[in-house]
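By written order: A, B, C and D. Residues from 1 in each chain.
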Amino acid sequence: MKNSAILLISCPDRKGEVATIADFVYHHGGNILHANEHADEESGLFLMRVEFDPQDFDIDLAQPGLADFTKAFSPVAETFAMTWRLAQSAHRPRMIILVSKYDHCLVDLLYRQHSGELACEIPLIISNHPDNQPIADFYKIPYVVVPVSKDNKAAAEARIHALIEERRPEFMVLARYMQILSNDFVNRYPQRMINIHHSFLPAFIGARPYHQAFERGVKLIGATSHYVTETLDDGPIIEQDVVRVSHQDTVEDLIRKGRDLEKIVLSRAVRLHAENRVLVYGNKTVVF
Amino acid sequence: MKNSAILLISCPDRKGEVATIADFVYHHGGNILHANEHADEESGLFLMRVEFDPQDFDIDLAQPGLADFTKAFSPVAETFAMTWRLAQSAHRPRMIILVSKYDHCLVDLLYRQHSGELACEIPLIISNHPDNQPIADFYKIPYVVVPVSKDNKAAAEARIHALIEERRPEFMVLARYMQILSNDFVNRYPQRMINIHHSFLPAFIGARPYHQAFERGVKLIGATSHYVTETLDDGPIIEQDVVRVSHQDTVEDLIRKGRDLEKIVLSRAVRLHAENRVLVYGNKTVVF
Amino acid sequence: MKNSAILLISCPDRKGEVATIADFVYHHGGNILHANEHADEESGLFLMRVEFDPQDFDIDLAQPGLADFTKAFSPVAETFAMTWRLAQSAHRPRMIILVSKYDHCLVDLLYRQHSGELACEIPLIISNHPDNQPIADFYKIPYVVVPVSKDNKAAAEARIHALIEERRPEFMVLARYMQILSNDFVNRYPQRMINIHHSFLPAFIGARPYHQAFERGVKLIGATSHYVTETLDDGPIIEQDVVRVSHQDTVEDLIRKGRDLEKIVLSRAVRLHAENRVLVYGNKTVVF
Amino acid sequence: MKNSAILLISCPDRKGEVATIADFVYHHGGNILHANEHADEESGLFLMRVEFDPQDFDIDLAQPGLADFTKAFSPVAETFAMTWRLAQSAHRPRMIILVSKYDHCLVDLLYRQHSGELACEIPLIISNHPDNQPIADFYKIPYVVVPVSKDNKAAAEARIHALIEERRPEFMVLARYMQILSNDFVNRYPQRMINIHHSFLPAFIGARPYHQAFERGVKLIGATSHYVTETLDDGPIIEQDVVRVSHQDTVEDLIRKGRDLEKIVLSRAVRLHAENRVLVYGNKTVVF
């Protein structure tokens, strides 16, 4: 697959932004492949994703740190007060997976990565249980057990933090990791930690959502993938989906049907994130 | 369409119920067309819907009050402590619609009734606004305006109650009726008043659910049709559905997309109710 | 609603197109609201839709014929060999509806237009049956009956053609019009005649698709809205959707469930077309 | 999980069938858990599935060959000219998987079986390629490679046949097995061989359906699981589903999106078959 460059921009909405950015890319020899933008009326924010073919681009994008690109783009960025970053599709982001005992999302992500569908590296799996070591071994991914009990929460989190710092991942995925993380921990990784919640948020926040759904007698159940924030199950939503249920379905049936939803919703969210298609504004996402 | 008889039963779950009921129908000359049952493990309740062809049935089902059928079925019903009722598909139930200004659900229901898709009678439409008189006139349905203000709520409700008592409908439909009804009023019509709420309940209970959904940044919006109970938006759910939205959708887009959902979800629920396919247990429904 | 200008472009895919177009809009004072583009690798075609706020645009877009805009844009268009047109959202396109006896799509379109959801004018309804006169009268839309028999097909088509020429609509909608139109007729209105076919094309082309679907025992049925071309049910697809069915559904149930699909799929397609969001390339559509 | 007995019946539609069957179960001490039936008007066929708790059943269902049950039920069966069989949920059916190189369906089925979601045994995987040996080894399932070339088709099929006869599976699953099987082979296993076709049948029969779908410009793609019959992609459909696509999706995107569909549709079909929920009549299925 050819490399493409992806410029992600967020700034106050003003006239001339699309033209200026398109011009910048064009005059440096880039060929725009996709351009998407969104203006949020409430916040007055302009968000844009430009993907271009850098083959004839006259600035070196292989340069670590991208000093030349930064220098060239800075005048444009300053004019429009842009927050921006440049990603490249050839770069495979590093993703650490946290998981407990339930293995369906883990197995699904590992298969997708292995088959090439998810273009990322997995330097490490962290779990509070040893159960999923065999599948990690099968895919040759390092697997570290950090047991968590009510007495060692802080120490366990410190250990997880150290493991993450060592491997320097671009982002983390909570693939049914059943431990609540502290605010301090969460705040270290804004928009870099993706969770799967097994309900159609904001319905059934918190524990045992399938049991809650069963109790309420809903006719559809859902799953939601979102960035983790301080408030439980309240972060910016990346992707959601639902499946039909009926009075014939027991709680066990909801759990079974839900597993397929969780896998698909989480893997879509991870893919969108890894492909630099998600921009966050306020507590919402734009998915380009 | 041929008439069919529909026996709806709810009782404690015990061995021999299906056999006994099937036997009863068969030995009186009925031909079972459809039989559905559900055993709820939690409550130990057994619910059943038997639809049979009464052509050769040896008990007169045309008899008003069904005294003969009641007499014949009572021994069975008593043995199993059944709550039961017998409906007939040839009977077109009477449905009163309550509506405010938004007309999409009203227009939809009137068209479906007129085209024969909804096999029911509409003896009356009640509204707190005169706006929907023309479409009621087009379909030749009586339309009565009962204005509601914060000062006349009790009187208005009494007037609505009187109108309902006069027409003796089997059930009522709140087709986007934007007034909160008192508990006294609601309790008069248990499992006989169907509401459409414009969210995927239990998410976004209460006012302005599309605005709430927009604020939360969900990726799907929903609609829910349920029986009205004392607690707002909390009654037994009959039907739900969702549609995909994105950051490109404004609140106005959500409202527009939601209208199609509301129409379809409400009309499905009304149809299921009118065809005697919904049984309530606890705060849930079985939809056969 | 504010007016916006919509520039629709199709041309060979070359570097610099996005920049040049964005630049043109910007330097004439337009503020780009939405820009979407698609490059089709197979045909080497580039397609673009740019929506901009013309409030400060320095070329008069109120001018009939748009001579000034054409003059100003021609150099750009010629450089890139563009096929283009400029639409404006404040302009309500004129749409003629053709319909036979089935009224569900007609009733749906009329309601959506009346309620403001479809921003278009309906100068005329043409039918081969008088049945739908009352609903046309209710919405005060002229309704002309052109009977079609196997002996008068050519004359009937000539009459329809004359009626269309008189009213000069931007496009026509076949809202379950059950007559085959001649190639001559069809070819007069390329990409201007929208049909609804009651199957998931290319499955079940031709007559009685619900019966075909029932025979085949499919588990989902569909509806497809497409531009009419010479080959039956083969034109560029604008929108499709499906609904679940089961062995319990009779042909009549398929027809009933299908009606809701047809209404929604056709109304979405009409809306997309009326909002200038559909571009055709080869036998496919881009829906922006 | 408790054992339940499942009686599957197909016979001409006559009065008294439900009552007679329910009676039989009841009088032998069985407690009916679920009863579903379907009368097909066209063929005059009655199909029924009765699931009952055999705990107090007075006929020994542990008896191999079920001679006692057969003897007891024969009078009923003969009276109504029934084709019937008795299954038990505690019995885990044996399923052989045939697969080529694409591994997504195989990996999915193996995981579901391993996790307990699919209650069946997998005595063997047969493939025409060695590629999927490692995942078979991981799950400790025997894997035999039977290479197929245009010169050895008959011999290869004979070898596959021998392998199947050795292991005596209840059914086979073609989990993207890319070889056409001969009519002789297919006819040995009526309603016992489940295939996944990567289109919404009957659209895009035959080779490269995603390419066909891309060419046609459809807005949804599908997958279909069906029993294999002599006519290619024409057997009784068990399950179908679809997913939305757009002009932005390349053929590769269709293939990727389709993989998730294929996995879910095939695994649903396998589960329904393994749980004895599918009855075939003519070229259709009833799914209870």
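Heads up, the rule we're going with is that contacts are C-beta pairs under 8 Å (C-beta built on N, C-alpha and C of every residue); 3 or more make two chains touch, one makes a residue touch a chain.
Note that the structure is a prediction, hence the values are computed from the model and not measured.
Note: the chain lying farthest from subunit A is B, by mean C-alpha position. Per-chain CA centroids place subunit B at a distance of 37 Å from subunit D.
Put simply, the C-alpha centre of subunit A and that of subunit B have 42 angstrom between them.
Counting partners per residue, subunit B has no residue that reaches two or more other chains. Chain contact topology: the protein chains form a complete graph, every chain touching every other one. Looking at the complex, you find that subunit D touches subunit A at residues 103-104, 107, 111, 115, 117, 134-135, 138, 256, 259-260, 264. Those residues of subunit C lying in contact with subunit D across their complex are 38, 40-41, 200-204, 216-220, 222, 236-242, 246-248, 250, 282-287. Residues 15-20, 22-23, 25-27, 31-37, 39 of subunit A are the ones touching subunit C in the complex.
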